[in-house]
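Consider the two complexes below, in which chain A is the common component and chain B and chain C are the respective partners.
For the complex of A and B:
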């Protein structure tokens, strides 16, 4: 299998998954018992406006036509009008999506960075006290609800120590003042970003750490490690260049599962830190019965996760020489 | 004495027995919840409906309320003990359902192979990458009603894929073993081979995945309750944290710490037991 075929195959699979996501949304909000119009039409709307939307979403047509229309609308980014904000849903999403990426991407990268490095280290020190402590600590973090960890972080760093803000993304006074220079605005966002990023990455590193350890222990048993030792290579070279490089492969494979899981952590972290992103919005929208917005938020969260999967696949193909012959 | 050998391995894993001990504490906690409430008086100490005539709102730990009270003056210790019940109930039932579905799918896919296997495994691939928690949030919104059984059902429906994958690969290798071949030659039907010959051999792995699945369920349930989508008729640890969060009481350590610590420790207990079991099931881990 060449690199190109591999990536095309994976892209097709991910596209199919995206259709599954759209289909789930369609079924949840159209076919479930109850009146589907309740999910689409704001109760406050005038009968004429309701009629227009009903036509637009084809609610007067047979189900399969509705489905085709729905898929088309979703792919065009048209999720209707938010009940709560009264603006097209896409307008909201456009504001929130960059904020979500700003939080999730660095946090996930950081959690893998920590996980892989600590995992590599403790596998190398198999049987030591450090390994035992890190495993138990890792399992503790794995079992810890991230929203609770976030609350503790706020309690500690905002309430007790007063070093970090309790939440939000920016200081309003600073941004409303026209004389504030750009770098100050950027610094303000970074300042608000730090605590959520730390929470999300510390909350998520344990999985990749434990996996890296197991995978590393497997590779350390391979013959080529013995060969490397026999050649008299430096221990650190064996660890980092020979063992860890190969131990990375299962981590990248497992990424798809943990990415789906990270999305949950992201939603909770945004909620705790009032971070104006898709994750907080999906929760707010659900609690406000703003169904169009909730669907759109879910759709775009899925798009992020699936896109990240595609990136992981390309990375895998790049790391695994077996795919490139 | 196979059992004694297994127990010996489990005991020597160091972490297994620690997990069991933590779990035992939680079992005691869950059992003594109703006793505590009964002894101290239903009207004041009921975790949801209790009303203390003296303390009307939030109060720190005292002799009257060992862990303090919440914004409605309800006893936090009673809530914590009842929360253990909810976690056990949801954790075990949802994980059991998920593992049951996963094992069935894995056995079917692995045994029959071919197109069935291909189809089922593509479904598994899709299930694995769906963002679970957001999906549960949005499904809970579409369904509208909030009950623990809906939550259990949703978690199970979204959580079986990992087990299916593992059981499938185990079944693939079992299918080729001589004893299965012998059964087939002797004229055993597919159902008989699956249930009598293959299923008993994947059972240890299924049990392991059940144990390792419970913590995930407990955390997910806590998250759902925390977001305000839980069953309002059952106290859970996630709900206690939601109350603290929405009423602005996250800065009261006596309210913030116990529920989260309980979730973490219960999850940890199952992980530790799982690791102990892993050493029995997967002897390769024991060497070195």
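For the complex of A and C:
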């Protein structure tokens, strides 16, 4: 099977998975107790006014009709109108998704970059103080709740040291000033981005570091490492070219799986740092019974995770030439 | 490793390039910076339903009548004088003040009022519909006179209909026309984004960066700028008494003249709303001086931290809301009045206030909170909580007495030995059956620890007389589902936010509300109350309404379909170093004082310099430099060791 056929096959699988996802999402939200219009209704509203609102959201129709309409619209790329914001869901997602990617992508890359490199290093220096410290630190970061860590970061770097902002995406005073040049505005966003990225990366790197270390230790016991040494290769070449590359395989698998979990950390990070992203919106949407928005947000996150899985699978072939599709 | 080094270094360089000074909006502008937990959902007033939206757009729209600050009397606002009613109260003429301007310079006239009224009526705007459904027609007699024709006159005509917002006809005419021609007019109108609202209020729309901030500017042509509210007193004692329940208000008091004067500003150049998703972040920002006020109540846990900052103050004000316990009157034993009264005796509201609320709130005897002074009846029956309150033993004795009188008996009767209570067992109803085990549906501790703890206490207290009850933590959504939609409950504990006009005395207890999704899920029916409640909501002189409201509260306190529990106090935190004049009205939020706030310094430029993100100056350069040096050092050392 060629790579192209493999990708096509996987894409079909992904499509089926997504269909299952949207169906589950639809029913999951409907079995939640409570009424999506509850937050809009107040004691003063007459039953007639309530009915107007229910009708506006299409909630007056039977469930199966709602489902058929929903699937048909999703296939057309239309997720409907957000109950809460009253704007088409796509519009809201379009606004938020770039912000989320801006935060998540660098954070995930950074955490894996750090994790893999440090893991490789401490495995190589087995038994050293460095390994000991990093393992303790790693376990600490792995176990700590990220919302707590985020708060500590804000407290330290914003409140005590005053070098980073408390959160948000921009300094309003700067953006309100018409004389602010564009580069300053870009720098302002980057400036607001740093602390959340650092938090998310530190919260995420430990897993990959520990995994890399273990995998690397296994690899180092292999015969081909001994052979490489016997050949008189440089230590750094043995470590990076012979051992690390083979040790990477489990990391790639773990990476694609853990993306889903990173999403969880991302949601919390966005909330703590008031980052206007998709993750925070999910929490709000679920709390507000905003079915359309929550469904769409989960859908897009599923797409990202599934797509990342596909990339990981393809990457396998690159890392391990023995793998054939 | 080198790559990592480069990555960190470049991000740090970027960081040092980032803004280090805080430029402000225009020169010398004085901005009030407010922290909000969420941003507005829309700028369309016909769509807006949530508090965050109204915190912003509420400043754009005026109404014919308004509540006078502090006393909450209804006063003419855009209207010139009180309405002239016909004898049968079915017609009302309202005159309008001349010279009130929209921000674009056009005058606010009777045509704007009529146009808005027609939107309310034709589109049945849900937020306002209950105030407009009884209006037959509205017409402009001339530019400054509006005539209302009513199908029937309701008390909400003054405090609802005539307090509705007014929008500009010029701005909305086209949209309304298009909406009417569209397939779904209501949707069309409410989906309109209104990106450039036209204001007649104290502030006009400035700029909105979604997810980050929203900015509104002072309206230089605001009609009511400089308008004074005066409150005069006969004696100093009277004045002190008035001030005592309104912290902060003494700043406006003239003790020699025995007078309080509030002068409408705004005295700030604008309000900058910043979004903080967590209270923690907002508290830190307030502590640091990045915001002047957090526009939502803070938890008592933060008080200690903020007290350490001499520039931060806090005011606690009772909310206009109640937490209550209600019975399903369709079931035994809840349908028996004496049972409900006995249960009320067992609830120690003093304990709830002092121990559970830690003093941050007030216990309630009636459904109208004491802060709503105009309508609050202070003399209703309070079941053991009058004055100092009864002891536990007295409460149990009273409850047992009442239950016995109603024909209840026990397998093992509760006994009181001195102060010790030996709980009873197996309470038997007058019909000979045992009282079945039942639940109190209560919001769980993570949703509201106070209500949860209160319910748990009530469970213990009721068990003392052998009532087999369990406080059942249940998600909010499930409670509302089971109570209002299914009527599938025994007892529940929930809360309401209330309006100033207590027309909820009818909404919550009138038999017409015994419908699915109605507000009387208890199934409470009392013909006397129905009749009085109907009278209450019909038009008539206010003194008469007050009398009826008092009587309604007495009936409810006697029948106890609800046992009112408590109303919480909200602690709000604000800074005092940039603006002065924060005060509490004795009810609700201190945000009402924003229109009267004055900058602390007379020269505005100083204020601008004071505010803002302190610490992002030279300090940050130094920190960045130290970080770069440290990282470079560590990396170089590590690299060298590697090479060896």
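Note that the second predicted complex is superposed on the first by the 265 of 325 C-alpha atoms of A that agree within 3 Å, B and C clash if a C-alpha of one lies under 4 Å from a C-alpha of the other, contacts with A are read in each partner's own complex, and residues count from 1 in each chain.
By our rule, contacts are C-beta pairs under 8 Å (C-beta built on N, C-alpha and C of every residue); 3 or more make two chains touch, one makes a residue touch a chain.
Computed from a predicted model, the values in this text were never measured in an experiment.
In the superposition on chain A, A:244 makes contact with neither chain B nor chain C. When the shared chain is aligned, chain B and chain C each come close enough to touch A:154. Looking at the shared chain after the overlay, A:162 reaches chain C, while chain B stays out of its contact range. In the superposition on chain A, contact of A:236 is made with chain C only, not with chain B.
Looking at the shared chain after the overlay, A:139 reaches chain B, while chain C stays out of its contact range. When both complexes are overlaid on chain A, the residue A:29 reaches chain B alone and has no touch with chain C. When the two structures are aligned on the shared chain, A:271 is found in touch with chain B and with chain C. When the shared chain is aligned, chain B comes close enough to touch A:16, but chain C does not. Residue overlap on chain A between the chain B contacts of one complex and the chain C contacts of the other covers 32, 34, 39, 151, 154-155, 159, 271-272, 289. Residues 32-35, 38-50, 52-53, 56, 81, 84-87, 95-96, 99, 110, 113-114, 117, 151, 154-155, 158-159, 161-163, 165-177, 179-180, 183-184, 187-188, 190-191, 194, 236, 270-276, 280, 284, 289 of chain A are the ones touching chain C in the complex. Residues 14-15, 122, 125-126, 128-135, 137-144, 162, 215, 218-220, 222-223, 226-229, 238, 241, 244-245, 250-251, 253, 256-257, 259-260, 263-268, 270-272, 275, 288 of chain B are the ones touching chain A in the complex. Across the interface of their complex, chain A is touched by residues 1, 3-4, 7, 11, 14-15, 17-19, 22-25, 31, 38, 41-42, 44, 47, 49-50, 124, 126-127, 129-131, 133, 186-187, 190-191, 193, 206-207, 209-213, 215, 272, 274-278, 280-281, 284-285, 287-288, 290, 475-478, 480-481, 485, 496, 499, 504, 507-508, 515, 517-519, 612-616, 619-620, 623-624, 642 of chain C. Considering their complex, residues 13-14, 16-17, 20-21, 24-25, 28-29, 32, 34, 39, 126-127, 132, 135-136, 139-140, 142-145, 147-149, 151-152, 154-155, 159, 217, 256-257, 259-261, 263-264, 267-268, 271-272, 279, 282-283, 286-287, 289, 291, 294-295, 297-298, 301-302, 305-306, 309 of chain A touch chain B.
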